[in-house]
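Attaching a single structure in structure tokens format; questions to follow.
Chain nomenclature is as follows: A, B, C, D, E and F, assigned in order of appearance, with residue numbering initiated at 1 for each chain independently.
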Amino acid sequence: MTNRILWINPIGSDDFDQPIKEFLETGKSADTEINVVSLTRGPLHLEYHYYEALVLTDTLHLVKRYEKEGYDGAVIGCFYDPGLREAREITDKLVVTAPAEASMHIAATLGHKFSIIVGRKKWIPKMKENVVNYGFKDRFASFKSVNLGVYEFQKDPSETTRRLQAAAREAVEKDLAEVIILGCTAQFGFFRELQKDIGVPVIDPILAALKYAELLIQLKKRFNWGHSKIYGFEAPPRDEIRKWKLEEQYRTKGIWT
Amino acid sequence: MTNRILWINPIGSDDFDQPIKEFLETGKSADTEINVVSLTRGPLHLEYHYYEALVLTDTLHLVKRYEKEGYDGAVIGCFYDPGLREAREITDKLVVTAPAEASMHIAATLGHKFSIIVGRKKWIPKMKENVVNYGFKDRFASFKSVNLGVYEFQKDPSETTRRLQAAAREAVEKDLAEVIILGCTAQFGFFRELQKDIGVPVIDPILAALKYAELLIQLKKRFNWGHSKIYGFEAPPRDEIRKWKLEEQYRTKGIWT
Amino acid sequence: MTNRILWINPIGSDDFDQPIKEFLETGKSADTEINVVSLTRGPLHLEYHYYEALVLTDTLHLVKRYEKEGYDGAVIGCFYDPGLREAREITDKLVVTAPAEASMHIAATLGHKFSIIVGRKKWIPKMKENVVNYGFKDRFASFKSVNLGVYEFQKDPSETTRRLQAAAREAVEKDLAEVIILGCTAQFGFFRELQKDIGVPVIDPILAALKYAELLIQLKKRFNWGHSKIYGFEAPPRDEIRKWKLEEQYRTKGIWT
Amino acid sequence: MTNRILWINPIGSDDFDQPIKEFLETGKSADTEINVVSLTRGPLHLEYHYYEALVLTDTLHLVKRYEKEGYDGAVIGCFYDPGLREAREITDKLVVTAPAEASMHIAATLGHKFSIIVGRKKWIPKMKENVVNYGFKDRFASFKSVNLGVYEFQKDPSETTRRLQAAAREAVEKDLAEVIILGCTAQFGFFRELQKDIGVPVIDPILAALKYAELLIQLKKRFNWGHSKIYGFEAPPRDEIRKWKLEEQYRTKGIWT
Amino acid sequence: MTNRILWINPIGSDDFDQPIKEFLETGKSADTEINVVSLTRGPLHLEYHYYEALVLTDTLHLVKRYEKEGYDGAVIGCFYDPGLREAREITDKLVVTAPAEASMHIAATLGHKFSIIVGRKKWIPKMKENVVNYGFKDRFASFKSVNLGVYEFQKDPSETTRRLQAAAREAVEKDLAEVIILGCTAQFGFFRELQKDIGVPVIDPILAALKYAELLIQLKKRFNWGHSKIYGFEAPPRDEIRKWKLEEQYRTKGIWT
Amino acid sequence: MTNRILWINPIGSDDFDQPIKEFLETGKSADTEINVVSLTRGPLHLEYHYYEALVLTDTLHLVKRYEKEGYDGAVIGCFYDPGLREAREITDKLVVTAPAEASMHIAATLGHKFSIIVGRKKWIPKMKENVVNYGFKDRFASFKSVNLGVYEFQKDPSETTRRLQAAAREAVEKDLAEVIILGCTAQFGFFRELQKDIGVPVIDPILAALKYAELLIQLKKRFNWGHSKIYGFEAPPRDEIRKWKLEEQYRTKGIWT
């Protein structure tokens, strides 16, 4: 029984698709099959909330399309977790998760308090709202910014390592974080060395999301524990969607019907 | 000195434009000029978060377009406050508000605790997150659902009145709400009678947003107190937008350039 | 239709009346008329809570007296917001606000987190309770003390500016404040230069209270949204006041009758 | 070594002085001496916050006067705890407590959650702020109102008992309160029967305040643990008080000098 | 690569060992091997905290012993999660989880709010502390008690079903729970029918703990993400244990050495 | 009427018994009689939670045994307050308190915010949970670690004093603590000099627990306000204990029967 997971890089470029797929392969379970996709249009990173807005519907429609194709799970691959609520609303059979949510659940299990290392302070207000909305306000130690944009993490790996170490060390020593979360999917690859150096678990958000997706798929398949479809995640009625011709209007033929 | 306010009904129908414009005219200041617009495509209500996602970019582009035309303020006319964060991020000269935020600030000033009357329980989880994110968790008494969809409020006004009264009364007596907020812009028109009947302020979210927008415009014009452009509302850089051809990709020629 | 606002400097000196009136005139709406009054007895500042206690009843009686004269709104001009609760309890037609409440509502609309610059650390515990009671605990970044008493702010303006700048900068950079509030009405006049220097909105509490009062007056006049008179702000019954001869006992002839 | 405690009934009537003194005598320690006083003017109860304001300075001046006479402790005998903050600010040698604070500390030690039975819903918003400010938000189960004014509790004791029982039982069974607090000093005398009937501790606020005062006096005398005089409770400087002639202005000759 | 999980029924009876093992077998992954053990002494249920105290050290020593034998994970099978903190402190290679923690993490992922159905109200205060300490206070809807002791759940399954249904339905309809958690491991077997009946996910705490343990084992084995060994879970030093002869004193020869 | 208090040093050594008894004698009331006991086995300090677990049942059985002998109160003498919940569950006539709980209640009465000086950062996560569970999260300023183990406090008193001073001063100046709590019973003896030096109350946890125990005993004897025996502290039924032969199994003959 193979479990098929869709990983979406919600940006208008497939540059990250191959490296992230290779990274995911190192962490997946034997019975997991991963498909990494990106968008046909859109900004090249999501540091600004406007960019998140631009990619939102295309991302959701990808999720819906692959659910129809029988995929078991989807991960929206950005640490803002854009569209997580909406994706859970529109799906029924497939389960959805995202890096921030998955990382925080795992971190809260491994230690009393966690810190999140972000690229830029810009990201903090929205990510803090996610911390609060996911319920982890009191398990949260601090944000640490390393003052690097999304595309700068992989540019000079030794400089990135140096900054991540300094930030992580301060989080542990001053803010009493017992676990570190890397707060951007573009930070992939750095966790192993960092955690050896710092001596506490350093959560890579890509791997965290992958493993959490695998867990959720199992829960769904074995016990039928999927996203609750009452209240917040209750799906929009298909007859409204049909009557209002939303598929035509948003060029998403066949997604709902 | 006229202040120009854009009211957006973020749905793919102009059915509400005229009645809401007329309603707004009854509440506006003498020096306010209001333009009510809606979208050229989209669902006819936003009860589902997918629908919110569908209208998000068109709404944001409207805000940006009217900012360019010299408007002073914009209101996103739905009680979910969709796109409020993003609209504040992409604008600079124009100020933005929305019904839920405006209503809660006013309610918190008029009484110790407020309740929000919603149409359906479906709406509550996201609205509760807004209550928390706006900072009013401890001033919040309760949600009350009257079990009516957006289009049902104006269908049978006497039945709507009856349900609103029952919900408001219970909020006041059991949950100790001192102020009632009508939690849907489609509930417009009911507040006057209701507040006479119940004896506590009943906040109409359309009028609340209008007056809050007028306040914010004044603060901006007189004291240059606009949305802070550091961190959370820092705008995306125009050269990225240009380089990535986002205007072309999303057919919004001329908005950013 | 003129709106008449009473500004109370709740101290036993009229030294501030003229400068604050002039300052208010720079910010008021065309149809607002402002009367600045102070007390006939009392301490010359309110840094200590005992001083607040001393001026409380005289302040309340002023509010009540001017309500009787047909004033539309009153502002209690001290950042502790002394007597705000009681003033809302005893009034019915007139609306009341105060600098801290008004500043925080505005700041929370303009940015994700705000910091408050106080004169002395002494002020912080009570002001923190106000932050919490107004509901803004989670939108609050920090207090910053500049170690200046109320009468020292205007003594050496360049030194005051220097200290305010240092405090504001630290609030923005370290505590991630997106908006700064000047936490004392005696800090008036400094916000413009400071906000130009720091690059984020700097809320002057006097102007904030003025504009918030104007908003509340409009809400009251147009929609009858005044302070809720149930529960917390329910007014004391006049027959008790008469029977107990409270007017005679507290030399406030004619206020209630 | 006798400990002298001042009990203030902060109302303009000595009607309660004798019965409360007798009640206090039943609970005091052997080495405690109690003086019950009331005010020479003022309202006859404090259900309204305006009434609290009226009695505030007279109450504070009583505290200050008896501190000068060598009293060891003072209790401000109303469940709103009016003036507690200010009394702690102006005193140095004498310790001050009040019924709500004392009752909540004791209740939080005896059980996981407590409910407070109030006379009227009017009282709740301010008392809720006290619950929060004292730090007990998460140990608090509920308020229960028995719809009785201050003077009605002792009028028909069997009716009062009936209502208290119903309220307490509901608090225990529905809200899972493990301890009940009687939320008005005028409810004295009812706790014993009620606690026998309900089977959980029922805290009488008068006795709670008395015993807490005795504790605080011991802590002060033995270990010099009094109210911290830094920041929030830092006392106003005597030279300001003298220079501003506050004693003359408020007819309190000799209190500070 | 087989993953070996120890399931501890922390009571002095092996009566539940076989049925729980069979139940676990229905939910485990192919590469998981489960060993269910119980204690050689102790009470037969843990409804009282004294009983939890009695079994604590024997439970911890079991965990430690099986870690030495090379087990990969351990589950402490009681919804109070007794000894979870201590077990994570004393272990290094093996990961530990427990039913309440695992159920809440899963529930918070599947819906906005969850309710927990307990047997008796007695259980609530401690379980509420766990809800808060795990960080889920704001995702928590309510406790519902069905008034059944641990041994009564399996006695009359149709009566149990009836009560669970009534409690779950009320949680969903009144408290707006989107997910239900069965708050006792002795409720195993009821979730499937209940969730079909109620229409929302019903989390069985035994299966939740099993799957969470499998997740944690994978995280540990693949990425070395185990319990953080700094601060809260820092292990006691072996030389102290040896010097103080703790193994001899507590008859646990060979556990630490 | 003598009140007999049992002080338990919950470690396997009587080394501290004499010095702590002497210290307690300096603070007790005239009618208090104190018995200091320790355990016949166990670790020599409780810095690790495993050590707490080891001593838990022996501590509880001591409490129960002395209750049977007619003692009025018991104090579990470690700042983790180990077994406080369980001790209150199993007792009925005797009242129980512990250093952290007692210190925090007193500190919250004496100032707005308090800091706790701990020996090592290791202690903080659990102590923070206690701060939260006791309800003092919002009255809590900070933990300060002096990097000293339990046995190091009394080794070089001048070095200890130096570190305590530095930590306390930083807590007051930076974190705005108005009261300092010494967060370890092994810090006894240092409070007097420290509080003279720092100028704010410094709470010794041993004396705090002693005085709080004396208060609780009085409340119990005079008003029958003991630990609520409903819900959280409901005692285990004796017939279960007898039927399961728990006394034999845990060698505590005669404690329950």
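The rule is short, and it goes like this: a residue touches a chain if its C-beta (ideal position, glycine included) is under 8 Å from a C-beta of that chain, and two chains touch if they have at least 3 such contacts.
This one's a predicted model, so the numbers in the text were calculated from it and none came from an experiment.
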Mutual neighbours - chains that touch chain B and chain C alike: A, D
Shortest path length from chain B to chain D (each step joins two touching chains): 1
Taking each chain's C-alpha mean as its centre, the one farthest from chain E: C
Classification of the chain A:chain B interface as same or different, half of numbers criterion: same
Geometric centre distance via CA averages, chain E-chain A, whole Å: 28
Interchain centroid distance [CA atoms averaged], chain A/chain C, Å: 45
Distance between chain centroids, defined by C-alpha means - chain A, chain D (Å): 53
Set of chain E residues in contact with two or more other chains: 112, 121, 124-125, 132, 138, 176, 178, 231-232
Arrangement of touching chains [line / ring / star / complete / other]: other
All pairs of touching chains, each written as two labels joined by a dash: A-B, A-C, A-E, A-F, B-C, B-D, B-E, C-D, C-F, D-E, D-F, E-F
Chain E-facing residues of chain A, complex: 27, 29, 97, 101, 105-106, 108-112, 132, 134-139, 172, 176, 178-179, 191-192, 195, 199-201, 203-204, 207, 211-212, 214-216, 218-219, 222-233
Chain A-touching residues of chain C, taken from the complex the two chains share: 112-113, 138, 176, 178
In the complex, chain F residues that touch chain A: 121, 124-125, 128, 132
Contact footprint of chain A on chain B as seen in their complex: 12, 41-44, 47-54, 56-57, 60, 83, 85-86, 89-90, 121-122, 124-126, 129, 132-133, 231-232, 234-236, 240-241, 244, 246, 249-250
